[in-house]
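The block underneath contains the structure these notes are about, expressed in structure tokens.
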């Protein structure tokens, strides 16, 4: 159960409107690694966690915080859209700066949302739940979380470079910091789990399930041997076994030959010469 | 540029057809963490890599291998679909076992692909490129890759439990092994990069961009203090700073008050009482 | 900013597991009119509201409640999935009841989420933000909300009929009640706005924008005159004007004739005989 | 069965080409509340209507008209694209006005459709059937229709403000008028059904299905009491019962505790300290 | 502008309900090559046709007919869903035949549409406009149309095999016939255009745009020479030139070396050893 | 199984960066008829081919080549993005040419991919597998392939017109040539199959399945008789029968009357007057 406080977690006030930047900022609201993604990913992970209250609480702390980040960015976008040049007088002016702004805006910021944020990315693609994962295995999922916070912080850093508005930069500096925390926390939690379970997820697969003779070989499928010099090609692997490098990948399978389909499938009958 | 060899990398022959299992197996072909995802993710990462030939070659080795895994699983699915009970005679039999099979199959395996694999997940949702990432930052992307191989191996392990077909299990045992290798290799590559760059991605963000007073605080947004006892709430963080725990999150922002929209937006005019 | 309490708003405990019903229940979690839709729709409407604090607070009260409903249903689904028959022993049993269950389940409830809820509908389609609207015009949006609560309550009622599990029914009886409240509240709010603004949204369109001679005519485009007898075909319209019925719709336009495209478009050149 | 007449229902001729506006106009063709949405929504509602010929005929009259509106807008878009500046000479001119136009156009209007309309919204997202509803309950669906016509008219009004082309404005003035009619007709039809069935949809839910003690309470989940003063917080509700306001929402549920998953799910085993 | 007649173009009455088949039949209503696809594809092609009235009229004749086919199949689906076993009594019976039916149905046919057709495919994926094409080049588009009618007829043939209901088969026999006509007509129209324009689309590309030395070579990228024996590997090509076969594809490009990104992109800096 | 060579099949080097063109070029990488589509379509067709090794090898040759085309275009896009004007200094310049470039770029080329290609189309919509087909019937599928190569070549031709960069044009001239070859080869293969099987796909439908009296009639559903003069309206059809033209389409069906739904569906009860 959730409760809402009217105040934002942090300031979200630009120095001045900038509708083209509003479109770009949508990426970290409704994009693949935007705030909707992390909020929903963490909440679903929390709701699906079985026992393990310590991890569950960490997940729910973070997921609930991210709901507040959606709110901050949505508020910022609405303010960046204030006084966007959209009506016919401005259009008629033929000022190329205005023209570039009108061409560079997301038209849905006017037509659909009336100067409000939309749950979409910077090109207008609606957020969808195919972006997120909650697998029931926390080691796997914390790796997903570490990735999300890494990609998210990278995107915030790029957006930071793309503006000179101090109000926007102030909010982004807060988001950079929170992404730093969240990377740190997931790394710490991953370390805990790896110490308990081992580094290969899921840890619970019995050795007899696995064809272990193939578990530590790097195959050279892309011509050139640059990869042979890396720490993944020889020496001790993170799970304790030895890495091997196969310059010429051995073929273990055979040329597949599928049976013909029955006539009621209406596929192509065999036309091969005998 | 790619070249194709007719042989499969590994055997892909079930002991007997099983069309319901064919539907389930689609998850690791065309699902969020299926083989199309890893192949496309790695290849786009490789094509977008600037310099760093050692990493690029590793990525291309692995991406090219994954193309071959799509092929193996597609072949297995086609064979699991051989002699699927689909025509009217079988339907007319009213045998509940047949009925359950027909109800449990993916109807597109008959109607659309004519007993072939489809580039879709286990519920029939088409694969889409919103699943993948190639960001230009290798530390961030290798974390995405480690996640993908963790989720992928987890899904293979579950599918292993769901069948007693030895031929299917043999192929899955190979995939488990390759996912073990790929987890190991991405962990090794991440470790290399973290040693060079630090653990927080992207490493290149100057400290003055970040509101560092918020970079190591865990906020208790979900009532209950279970998370306060974890390694992420106190002590030294992975990046070397000190974690802090805030039981009652401080509010740094204010209640947002948006300006009214201009009349040509046709929003709701202010109806608040004065 | 949001805070989370660990308790659910209402009980979410089935009498016994039922994995096929878990799949069906996904509709009101991640479907077009599921709880994710209403939560996100209301929150975005609230964040985009300019002035009008009374309405904004109502929207935020309701949106925040809906976050808790997502949580309730996700919890119920996880419990319905307990002990789902998924592994090979059960499969080998050839029991047609088990077979029907395995065929009728969502395979992702095992393979992807490990017995947890997914942010998808009852056929496995991921939730997407194309389902929701926050337009900046509250009369329009409250009509969207009334629709969402009407469709939502209809779906809950149908799901109520599809189970005999008392625990599930108890939760659904709570959801039916909340949807009754939400329909009532949006009707009341719509009435307030219609009294201030008039019934046609948006109220702010000046009459000179509109070709008002076409604003109250019902055109008989589908042969048969049953619709001519309704309250929408004659008499006073809700906005005070008079409805008219046109049995044979007049054509106001002309046959369109498009200009040929320039050669660099590589369209089909005119092949019409002169 | 449908028949087509070559004439458009109304004029669709701009005074001059405007490829940036063509992109914006796509919103009411292929967007969430564009003409494809209302046409398909009404037609599916009509085809699924069981008995109730009067309503069915009204739905089919309107759905068939909307097919003609798709045609009008598609024609307008094709004409707005005439002579769009797309080839290299224009590009080479370095005229910033031309540059802004080329940047603000939808590139698919050249590359994909060759100066024709596309079934997509103003950002290029393809229309999809997740936008529409045909539930089999007409009260619920007419509320969906009233919403669609309200959002649609709002979008047309905004597009009207964004151009000074008299030909475009003339077509939009017709669409504004038709949306006025359609709002009026659905309001009238809703009123008829509400008088027969009551205001809460679906009317057929027996009282014993519903936990009626929760059916009229407004819960204050978002801090602040502005919403307590509305017509939805006290007094008589539209369905005749009394509204109540709960300043501090009571918790009826409990902290959920999920059972551990069986080992073959490969989730995270319990790591909580005893 | 369109007009609707209440009668169906052809009978659409099954002998008896069959809700599992209703789900399967959705493929040719709302699937990739279902009736919505052909209707929308043809209508958009027609609206975008510039001059060429003869072809435009043919397209509009066919697109309008397809609207009537959507209606026929939607009606058939609604009738196949009559008396679907969905409520708790039936569920409680534990009859495995009933269980298989409930597992094999599309749950949205009850929960969402209330025993009506949905604009989705046989796995529940909503129809989307990414399936269709209207390019402004009629030779290209007629090839798309011939493909759509070929895939469509193939799917109808498979569905014909999957039922023993005479009413359903009667409707399918009509659809098979119409798809035969539509294949014939598009082949005839393609032939006309090829005679005027040549076989390579678009015909209007000047020879100096094309690196013609690569225009007739088959490259052996997949090991094995079976393809070398086909009519595409030697002899005269359809456009009059000579086919050639290259057993060992020549490499015309070079190993790509991308420039490093500027620091403000926050990509991975060069870590290659000097 | 696949192997990768580092060299590109052909040069992919622009004379100078052009980030707006990079966005446009995405269409033939990740659009409906881009290189991902043809690669995946051909590979899935090859993997699903049963017997018919000659055709299978041709398909695999071509699909493997297309993988290399994805790589070429991805490389070209990365280079077109070099030194894109994205950071604040440039923004602050208020140069309208820079403004138009920033407005006309895909913001994800900076924020998401860090100056790399994305698997999306020219408007940012992610590639999805709903674009492709592999049906098990080669005649049907080769028609899909001919369409894909026709649409693809058309799009390349348009992109050729939209640039004056010689490096880009050189790559496009190669792609035009390969699309010429691929159109030729699919036409040749179609001809082979049509000679063996007949022109109507699938050839295996027995005449008793089809209501052949409707198999050669053109119905005049769109007012106007222009289409009556075509080669599809009279004379011998491609399959050898005679075309017929029906000026006034006969109605073979009846007005559908659906049964009322059972009460537990909660649809609208019959309100028609007796």
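So that you can tell them apart, the chains are marked A, B, C, D, E and F in the order they are listed, and the count of residues begins at 1 in each.
We take it that contacts are C-beta pairs under 8 Å (C-beta built on N, C-alpha and C of every residue); 3 or more make two chains touch, one makes a residue touch a chain.
Listed by chain with UniProt protein names: A, B, C, D, E, F = Catalase.
Model, not experiment: these values are computed from the prediction.
Engineer: Between B-F and B-D, which chain pair is linked by the larger number of C-beta contacts?
Structural biologist: Comparing B-F with B-D, the pair joined by more C-beta contacts is B-F.
Engineer: By CA centroid distance, what chain is farthest from subunit E?
Structural biologist: Ranked by distance of C-alpha centres from subunit E, the top chain is A.
Engineer: On a CA-centroid basis, which chain has its centre farthest from subunit B's?
Structural biologist: Most remote chain from subunit B, centroid-wise, comes out as D.
Engineer: CA centre of subunit D versus CA centre of subunit F: separation in Å?
Structural biologist: Centre-to-centre distance between subunit D and subunit F: 28 Å.
Engineer: Averaging over Cα atoms per chain, report the distance between subunit A and subunit E in Å.
Structural biologist: 32
Engineer: Mark out which residues of subunit A touch at least two other chains, giving numbers and ranges.
Structural biologist: Within subunit A, residues 1-9, 32, 48, 50, 53-55, 60-61, 63-64, 68, 75, 78, 86-87, 96, 99-100, 103-104, 110, 112, 114-115, 120, 123-126, 128, 130, 133, 135-137, 139, 154, 157-158, 161, 202, 204-205, 221-222, 224, 249, 251, 253, 258-259, 261, 264-267 contact more than one other chain.
Engineer: Over in the complex, which subunit F residues touch subunit B? Could you list them?
Structural biologist: 1-9, 30, 36, 40, 43-44, 47-48, 50, 60-61, 63-64, 67-68, 70-71, 74-75, 78, 112-120, 126-130, 132-137
Engineer: For the complex, give me every residue of subunit F touching subunit D.
Structural biologist: Checking each residue of subunit F against subunit D gives 20, 23-24, 27, 31-32, 96-97, 99-101, 103-105, 121-125, 154-155, 158-159, 161-164, 221-224, 249, 251, 253, 257-261, 263, 265-272.
Engineer: Along subunit E, where are the residues that touch subunit A in the complex?
Structural biologist: 154, 157-158, 161, 264-266
Engineer: Across the complex, what residues on subunit C touch subunit D?
Structural biologist: Touch residues, subunit C against subunit D: 5-12, 32-33, 46, 53-58, 60-65, 68, 72, 75, 78-79, 82-83, 86-87, 110, 114-115, 125, 128, 130-131, 133, 135, 137, 139-140, 143-144, 146-147, 150-151, 153-154, 157, 160, 169-170, 172-174, 176-178, 180-181, 183-185, 187-189, 191-192, 199-202, 204-205, 209-222, 224-227, 229-232, 237-239, 241, 243, 249, 251-256, 258-259, 261-262, 264-267.
Engineer: With touch defined as at the start, can you tell me which subunit C residues reach subunit B in the complex?
Structural biologist: Listed in rising order, the residues are 1-6, 48-55, 86-88, 91-92, 94, 96, 99-100, 102-104, 106-108, 110-112, 114, 120, 123-126, 135-139, 193, 196, 202, 204-205.
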